[in-house]
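What follows is chain A paired twice: with chain B in the first complex and chain C in the second.
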Partner chain A sequence: MATMRKIELYLYNVGNDCMRLIDKIKGVFRKKAVEKDKLFQYEEFKERYVSKSLKENRDYLQQVFTHTKDIIIRNITIRATKQNLMIVFVDGMVDRNVVNEHLIKPILIDMAPENYGRRLSFEEIRDSFISAAEIKEAETFDELVLQLLSGDTLLFLEGQNRGLIIGSKGWESRGISEPTTEANVQGPKDCFVETLQNNITSIRRRIRDPNLAIEMLKVGRRSKTDVAVVYLKGVIMDGLAQSVIEKIKKVDVDSLLDSSQLEYLIEERKWTIFPQSVNTERPDKACAAIFEGRIAILVDGSPFAVLVPSTFSMYLDASDDYYTRPLVASLVRFTRYFCYFLSASLPGLYVAITNFHPGMLPPRLALAITTTRVALPFPTFVEVFIMESVIEIMQEAGLRLPQAIGQTVSIVGGIVIGQAAVQAGLVSPIVTIIVALTAIASFTLPNYNANLTTRTLRIPFIIAGSTFGFFGIVMLALAILSHMSAIETFGVGYFEDFSPYRLRDLKDTMVKVPASLMKDRPELLKPQDTVRQVNNKSSGENQDEK
Partner chain B sequence: MKNKFELSSIDMATFLIMSIFGVRILTLPRILAARMDLGSWVSVLMAGFITLILSFMMYWFGIKYPGKNGSEIVLITFGKYIGTLGIFAISIHILGAAGMGLRLFGDTLKLYLLPETPFYAIVIIMIGVSFYAFDNGLKSISTLINILLPVLVLLISILLLLPITKIDKTNLINPFGLGVMPIIKGTIPALDAFYGFTILTYIMPYFKEPQSVKKWIVVGVGIPIIVYAAIVFLCVLVFGDDEMAWLLYPTITLIKSIQVEVQLFERVESLLITMWIIIVFMLLVLSFYSSYLNTRALFKTKAGTLKDRFSRYVQIIVLAAFAFLPKDVIEQQIYREYIQILGRVLILGFIPAIVMITLLKERKKKGEK
Partner chain C sequence: MKNKKLILLLMAVYFLTGCWDNQEIQERGYVLGIAIDKASPLPKGQESMDEYLSERDMEEMPVQKGQPKYSYTIQVPILANARNQPSGAGSGGGSGEEVTWDLTIRGNSFMEVNREFSTRLDYPPYYEHLQAIIINEDVAKEGLSQILDMFFRDHEMRRRTRIFITPHEAKYILDVQPRISDFPSVYLGRLPMNAEKTSRILHVTDLGEVSKSIHTKTDFVLPRVTSSKDEIKDAGSAVFKGDKMVGWLGEIDTISLKWIRDSVKGGLVVVNMPEDKEGGGLVSLEVIKAKTKVTPIIEDDGIKMKIDAEATLNMSEKFQGHHDVALDKSFIEVVEKKVEVDMKRRMTSTIKYVQKEFGADIFHFNRIMRKYDPRYWAEIEGNWEELFKQVEPIVNFKAEIKQIGTMK
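This part shows the complex of A and B:
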């Protein structure tokens, strides 16, 4: 019997060798049908079916990935059944353990003795040999190539016009660390990372509601980036999720590298300096927003979730507010609102008052300012402008430099330049104080985009203050408020938590009431399920009046 | 996702308060003091009461003609010809009053704050910003009002509380010294201060539950009544009416006389300016809005068309023309008188007339049945 098998195997191998020889001879004479540097599109893959011949599939894949050296194509022969298989994966994108232990090993080594001699069917291999958890079938190359490039492993079987996609994604990623842009004292200290799956897990761990919806979309014609839209069914406003998803589906770009790019593509007002969706790297903040009835959009490769729809108060909320005592948190919030105003308008106000209305100041202060300004060469406007430019330069320099040098810059810039400029008689010490105070005020803002907005607003305020004094400042503030009132994100106004007056929405704005009083979700998001706390006596009444 | 915007009931109060506070917050004490004594605040209360009745009339025909604003109702009740004439008169009154208010604003600003800045620059900026706010639509306007109202109320309360220390008790002597007649006569000029309540009829069609705005009408008219009465009362107490009749803008003088004891700011002018700018700004925004609705009712333009845009810009030209028309303060005073008379005719004539005609029509219908 054993000799028979040996002869059989020998003949098979000889046959194979002959076939290969014939192929080679054929290949020499075959016309080069395809040009070498052909460009491929996913649309084309849709019409390309998996061939029954393993070789044809391999040739096709090799042709697609001509200049891609990290694609690994491994041919396997199951000796027991004399069947040929082909495994394809991208080096570095896959978890080698899955490929080795759950794919190659069961097929090659753990073959049960009863299978000797008979040919295994495709279904058998799929169902009883491969021990990886996630497995899918595909007949066309569009899905196969996409999944291959996403980190999955492909398996082709000789004589089958289907391919198997074995879930084997696994690559080196950054470990979960503390948030860098939204630091906090109390509360959770984890943050999102660049891997979408990890981020979804971070949210799932906090929301174990079966109604948590995670809709996966792909954005980017070439990048095919995964985008997850996360929301709570039964809580979210009717139709909001659909409109967000439709908006994302309409996005037709080449590539998507960060969530902020998607944010700018789906926002309604393009020509404004005010951010229209909140960026956060904190899973707790994202979850709180989801519980309120908002949507978190996660993008693969970006450690920031985008929260929509957003309202103005969200930009001045820090997670800390919810983990400290409400009265203290209210005071801190009030400080932040004040700082927002200060950060945008303080230099402008200073220019306006000293240039136009010195009478508003107490005589001694007015005199003190005048004394420091006696020998100065520039008018206040120029002075403030110079110092503002200096601080902008320093901020930008401190941001771009490595951390160790960044500190040096801040010391050199802050102390040396500030002090030297005053001593050299270029600027007055009060201007230095004003500019420094403005910069520090802007750092209290928890959202970096809000910080950038106030920095941008500073210049128009300085110009308004220096041309029309206090009148200019107030008019500019009114114009900005009008502009902000007109901004809408997905049907929710920017100031909707302040207008119209609704007690339920005002509870979490400039002040934060104790959690025991926040029994309902904010009304501005029109949630389907309004109740937040069960022992709620006032859920039906108290709808909108103050 | 684009739903039709609806106002919530509480917006009625905020719109009314914002709209009623007008330029007369500066001049009302003088106008009244020139005619009577300490009792002038009683006239303010009476005028307020009349305003309340008139606003409930407006509310009533707003309910009778659901979805129609004031100018459309005028067209329906008075017919094509008289109605068109009426709308013209209303438009002229609205834009004229706003133009005069703007003129007054520019003059006071030049007088007290920016002596070197040319008048036209102030006017252009004011019109530009308020037109921008109006052009953003009703939702934006309502949001703006809701944001600015707490600021305004805070400023007014501070400014009214500070002069209390300067009250001259001797001015309290001789209340009602001149009898009751001057008080009744003073009601009509006091009523001029409340014309802003007509905004009610323009926003009526946009309410989610028009039936439930009644109590907010009371609040919206009540708060301005209290504030106006308090201002008049305070001015009389501080200056006495002999002195006050000679002050051009008693409220400004009142506030400028304050020297804050705490040496943070020498004077509270900055608060006054902020208040004054907010008041005039909102006056312009709401005037643009109601006047635009007038034009829309008259020419039946559809939103978004070229005609519609044109009708918006026309408001600017008319308003600016009114602001630049008077050569000096005296001429301005004369024009203001004319507009006031027009306003009295419209408010006291048109509103009751609409109610009467509507009632007559209803009776006719019932008779036919």
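This part shows the complex of A and C:
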């Protein structure tokens, strides 16, 4: 037995040796190819220390960035002292002005032999010559590569086993413009952009509280996207921020391109059609949420902030509500809630009424609807479905096309599909009105995700209405309501601003009370500091919001 | 697992009920009006004998029990021919074409007849939009409770459907071709709404009211309608004792009846001024506000009814005299006095007339008595029919003229 085993082992070893030999022989011919295909991980960089030899570092970096042509490695030699330096940066990611004026220029001019006859130490260069604000040291390549790819500049010095990271981030970015998805009439008109730093600045400008916490995280195994979690310490519910940060840390994905992706990765229910966090491109809205005791999550590269925890009423609030008079705002909010209902259920209600309960219509209306339907080829259900599909197609087409052609689509669609279909006797004019009204009602919703939800809900409502009439509609509405009440985001119920009765939370839902009466933060968020404003009737001055 | 059971339960609730009453809106036969006659309708118009006979054949129905007693006509709209229709709807209605389809069948029970209609009508009859039920006088004299029972009972029937009585063939009312409206039933169904303009029209005469009256054994009135080729007139009333019609009440008596019943919605009071006062002439006064309170006075020698009516009036028309006269307070007082006396006389005479002619308590004194003294009412309830005829009315009318109109 033992001999057998020995023979086996021997054969195995011989086999291995042979394989290795073959690999080596192959390697001779394909050495370059192997090197090219080598993959690098950040884990590996952690083990890799900066070498004292400049050449070795250069070779290593060149090896890492074999395929990228925009990595610029600049060698500088100071003749008098024979001191070699190496500057590395990524073209386009850095502010050229910083690199030229504050890094290369001082080194070349100030370190010239006529000024300094002796060799300069690493510390001297770091402290006295480089005129950039942000500077860091690193010994391993993980930090160095990450910062290099984030837009910073690296500096290596011959004979030093560490590298300098000089902050030089600066790239072309979109200027701050008016919000496009959440337009408003009154109130601030700035908007988040794709650059995280700009977005944080937008928030900071509005919240000058020293307790404003901005926790920076990196998400994405490969993308290493910057994520900022912004909240107010001392206001936010105990443990909420920690649980959100923990959730974000647990996210393990390749890449993160937009804040909505992160939103979907940290939410609790994967299959519901209701959005569980509000995304907004308005800094004022984000700040208002932070002041209330919520958290804003910003992702680099995304002009949308994600607000958690969210409640249903947030999806129907527009910033305009807070900048207009409360009675007007309440009326508008009522309209919006009504539109939410209409947008989801109007076609279903129409089918239910005409197919099951025409007795509920006033006689003249019933006869009028019947008259328009006398010669039509399709049943109501099919008709509504066709027109709904047409509206969906038109919406999608209008969205994807360039703006100039998009208008043509709406005109052609509106006239041809609407007018012509009615005149051709394919659909009844009432269905056209119903479908158009439904679509317009859905446009009143300030949150695009809420709009999408109602568009999705329409189909089950049509089916329920056409199979079981009002009974089906009521059953479906009950099922949807119970589902919505069951949703929780970070421990806060979806309907918590309505459902356990708390007057404080109801003040800012369907009815918006005057600002002077909203003295406390919403109770549902369990804020540590509940007081929003102190009563000061006589002076009439507004206490600062804390 | 728990979830699955719940879903299964929900599905069962859904699918066990089914969509049994799903019906496209244009595939329902909206019955707008029903006419009920005795079982031998007269020949219709100037049709040739052949057509007439085939029509008569259609109306025959072998009944399961007994002999056909009634002739039921339902009216279904032909919407494609309607004149007033949305512009988007297919071809416009051709003028001259019939806009309604009236089907007549002779039978006993309305339910049986109703199902028999399905042998001739391709759309199932649908009664939720029923506007009017027109009943012939002879049928009404035999009693309403048998023919209306199905209307009280069925789920498709609405309590707000109005009932009318006609001295002629009820079917003729449905044959009317209205000038403005498309459908005679809709035209007729809207007429009682004019009760705000004149008290000659009864307005609370729907199925629910009749049901209530029949089942509480209260006498009641229903509006009288008559028709010409293109018009229907709704004025006056038919008096019912129990569920049987006993006679007609004229238009003027109907006004008095409405005053006593405290159901005046509007209308006029016309009085004649005495000659010595500014040349006399007629004065028409429009009723703005009307309120009547009836209180029984129970005495040993009989029951008296104290009827206190209060009216606020506007002067709308004055035949004689200079317009300045109306500004004179004494003149106004004279008119007021005249109205009070006149109305008192009219109301008293109406009560006396009804007591003598019909003995039907259409003023609902019995309800007032029951409310006023339930114990005493329990004693006399069995004898009320006789007692009612001896009730002595004491009418007090108080008129107040608010406005005298503008002068240009």
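To be clear about the criterion, the second predicted complex is superposed on the first by the 494 of 546 C-alpha atoms of A that agree within 3 Å, B and C clash if a C-alpha of one lies under 4 Å from a C-alpha of the other, contacts with A are read in each partner's own complex, and residues count from 1 in each chain.
As a working rule, contacts are C-beta pairs under 8 Å (C-beta built on N, C-alpha and C of every residue); 3 or more make two chains touch, one makes a residue touch a chain.
Quantities reported herein were computed from a predicted structural model and do not represent experimental measurements.
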Which superposed partner A:G425 touches (first chain B, second chain C, both, neither): second
Which of chain B and chain C A:V474 touches, first, second, both or neither: first
First, second, both or neither for A:F356, with chain B first and chain C second: both
Partner chain in contact with A:P527 - chain B first, chain C second, else both or neither: neither
Contacts of A:A368 with chain B and chain C, given as first, second, both or neither: second
Touched partner set for A:L240, first chain B, second chain C, both or neither: first
Partner chain(s) touched by A:S485 [first = chain B, second = chain C, both, neither]: first
Contacts of A:P179 with chain B and chain C, given as first, second, both or neither: neither
Partner chain in contact with A:G163 - chain B first, chain C second, else both or neither: neither
Residues of chain A that lie at the interface with chain B and also at the interface with chain C: 356, 359, 363-364, 366, 468-469, 471-472, 475, 479
Residue numbers on chain A that touch chain B, as the complex places them: 239-240, 243, 353, 356-357, 359-364, 366, 468-472, 474-475, 478-479, 481-483, 485-486, 490-491, 493-496, 498-502, 544-546
Footprint of chain C on chain A - complex, ascending: 354-356, 358-359, 363-364, 366-376, 379-380, 422-423, 425, 428-429, 466-469, 471-472, 475, 479
Contact footprint of chain A on chain C as seen in their complex: 10, 13-14, 17, 19, 21-26, 28, 30, 32, 77, 79-80, 82, 85-86, 88-91, 126, 128-129, 131, 156, 158, 186, 189
Contacting residues of chain B [partner chain A, same complex]: 1-3, 7-11, 14, 109, 113-114, 117, 121-122, 125-126, 129, 132-133, 136-137, 139-148, 263-267, 269-270, 273-274, 277-278, 281
